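For clarity, chains are labelled A, B and C in written order, and residue numbers in each chain start from 1.
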Amino acid sequence: MTFEASGRSLSDFTVELDVYSGPYEWLLALILKEELDIFEVPLRELVDLYLNARNPEAPNALERDTDFAGSAAALILLKSRTLSPILESEAEGDEETISPEQLAERLTEYLKIRRGAQALRERFAANMGHHPTAHALPPRPGRLRLRPGLLSEAARRVFSRRLEPPVEHLGPIIVTLQELASVIHAALVRGPVSYEELVRDMDRLNTAVAFAAALSLAQEGSLRLTQAEPLGPLTLEPVA
Amino acid sequence: MSEESLSVPKPHLIEAILLSSARPVGLGALSSATGLPEEDIRTALADLTQRYSPENSGIVLRNVAGGYLLSTNPLCAPAVERFREDVRPTPLSGAAYEVLSCTLYHGPLTRSAISQLRGVNSDAVVRNLIDRSLLAEVGTDHAHPGSPALLDVTDEFFVAAGAASREDFPTLDSLVGEEEIARVRERLAQASSETPPAEHPPEAP
Amino acid sequence: MSEESLSVPKPHLIEAILLSSARPVGLGALSSATGLPEEDIRTALADLTQRYSPENSGIVLRNVAGGYLLSTNPLCAPAVERFREDVRPTPLSGAAYEVLSCTLYHGPLTRSAISQLRGVNSDAVVRNLIDRSLLAEVGTDHAHPGSPALLDVTDEFFVAAGAASREDFPTLDSLVGEEEIARVRERLAQASSETPPAEHPPEAP
């Protein structure tokens, strides 16, 4: 599970929950590291907090919405996966037990990395306007050596790259997360959406997980599922 | 007038532009980039000519080919030449190798076809490779709106790779599977049938 | 001592060499190209730093990545970028800065060590940073099964950050205050006392 698809537009969003108070991104990190039990996180409350903090006038409002929808979708999926252990059978054996002390240690380390990253961002911004001299002499002809091995390697890389976002390393579920982010985003922003319409271009796995997510969201109260007749079309409606 | 020209001394703006140009820059171009009237540019250039005179500096400002150009003071040429002798060429980036391999196996190609193959805008990388004489414009693609330039690898490239010709490189099908080759062909066909795609995802980690 | 260094002022030689290098040039290289002892180079560089300071010139002399580099003054960037019609490279993402921060402070390290520090898989981000030449593989970790590659930040990274070396960055420990660390511990203590023990893998109800 990863939140890599999300940007960092939410870096200033903080949450106050019973189980946790602090930056939202930390909360995600805690859950990812399975150091905070997903069951303890009231997703609905989280959505409410976000909606209250939301500023539609902000220049990056859309990016924030997308990021939030993406990460919220991931949380829902995580929760639904945890609810149905058949999907995840490897949760036994090599599970690391972490003492609160070790956890604090790790989080402190991560916080330092984040601070380092912020400092780096500022430095890069401050140095952005430096353009190097354009008067560099080319090296003497024949001095440059290309490594044929690297050329072949590059060819292999380019020609086997899919044009979709590179997510192979994240496993098939992640594709779904990105789709889910837009699915949920659309549901929240544009009003009712039919399930059939949502999953029309999805493969079976995506369709299944989108369905699970829709159910989970409905269970959370974040959206309503309506079906006029048994086996009839299913509609996702935002909760007012 | 642009904001920055109010606070930054005029000669500074011109110095900076001249540093960033390997070719002579005319008065008109200096004026439009700085937002300053040509009269001001002339005055500033007079200052700079003084500052960058052969007596005062190892960098000299010359008025050549209808423009202004910074270059090394000829008196310093022996040191510069020795430096050039010693200096190790900058190794190429992974992105540069990718652009070269696209062009090697599918060239000549337009810039937008290269970007299409890689899935990211590659214009900056292409420019760098042209500067390094590893790629060159070899013609134009008349079938395309705007007749974009076609790029190919250069003799310099073959020398650098220690190869006599394209035949000296492993064949494409020895590197990737049939399925991939077909997909790449499809992408190329798309690139040449569509208008140049501006919608490439930007190259950001 | 070479001929020209007798007649040409030392700073001029260095200026000329720096104009002709887009990469930082170290003291050793300057010394060997000019035939001057490093001591003289240092003195000349001090002069030049004054001459090419952001207050005095549109060209600035920077001490970055272990060497000296002439660049445009950032105050002139708008004019330079208008002139070059350059599109600024896509800014790095927050994730990219985190990966760079991990590598700067803990590098050289493997991809999996980076992912571990950040708590998320970082391979895609790493690949992009390698493409942008801000990270490079510098060796292999033989102590680990599969001998994974070790990554480190590059000279390009130090140039982009405007840093001479690792020592130019604040230490990790100075980035987070003691009170903050105490607050983290407090929050965690709270969380673990209010919730059922989180050490156990979550159980399905």
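Criterion: a contact is a pair of C-beta atoms (placed from the backbone, for glycine too) under 8 Å apart; a residue touches a chain by one contact, two chains touch by 3 or more.
Please read all numbers here as calculations on a predicted model, not as lab measurements.
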Farthest chain (mean CA position) relative to subunit A: B
Pair of chains joined by more contacts [C-beta pairs], A-C or A-B: A-C
Chain occupying the most central position, where position means C-alpha average: C
Between subunit B and subunit C, centroid-to-centroid distance (C-alpha), Å: 24
Subunit A and subunit B: spacing of chain centres that average the CA atoms, whole Å: 36
Length of the line joining the C-alpha centres of subunit A and subunit C, rounded to whole Å: 28
Shared-contact residues (touching 2 or more other chains) in subunit A: 131, 133-135, 137
Set of subunit C residues in contact with two or more other chains: 19-23, 70-73, 75-77, 80, 84, 92-93, 95, 124-125, 127
Parts of subunit C lying in touch with subunit B, wherever the complex brings them together: 2-5, 7-9, 11-17, 19-23, 25, 29, 32-35, 57-59, 70-73, 75-80, 82-84, 87, 89-93, 95-96, 99, 124-133
List of subunit A residues in touch with subunit C within their complex: 2-4, 7-8, 11, 18-22, 29, 32-40, 82-85, 91-92, 95, 97-100, 103-104, 107-121, 123-124, 126-137, 166-167, 169-170
Residue ranges of subunit A in contact with subunit B within the complex: 131, 133-135, 137-146, 148, 150-161, 163, 165
Interface residues, subunit B side, partner subunit A - complex: 16, 19-22, 70-72, 80, 84-85, 87-89, 92, 94, 97-98, 100-102, 104-105, 117-119, 131-134, 156-157, 159-163, 169-170, 172, 175-177, 180-181, 184, 187, 201
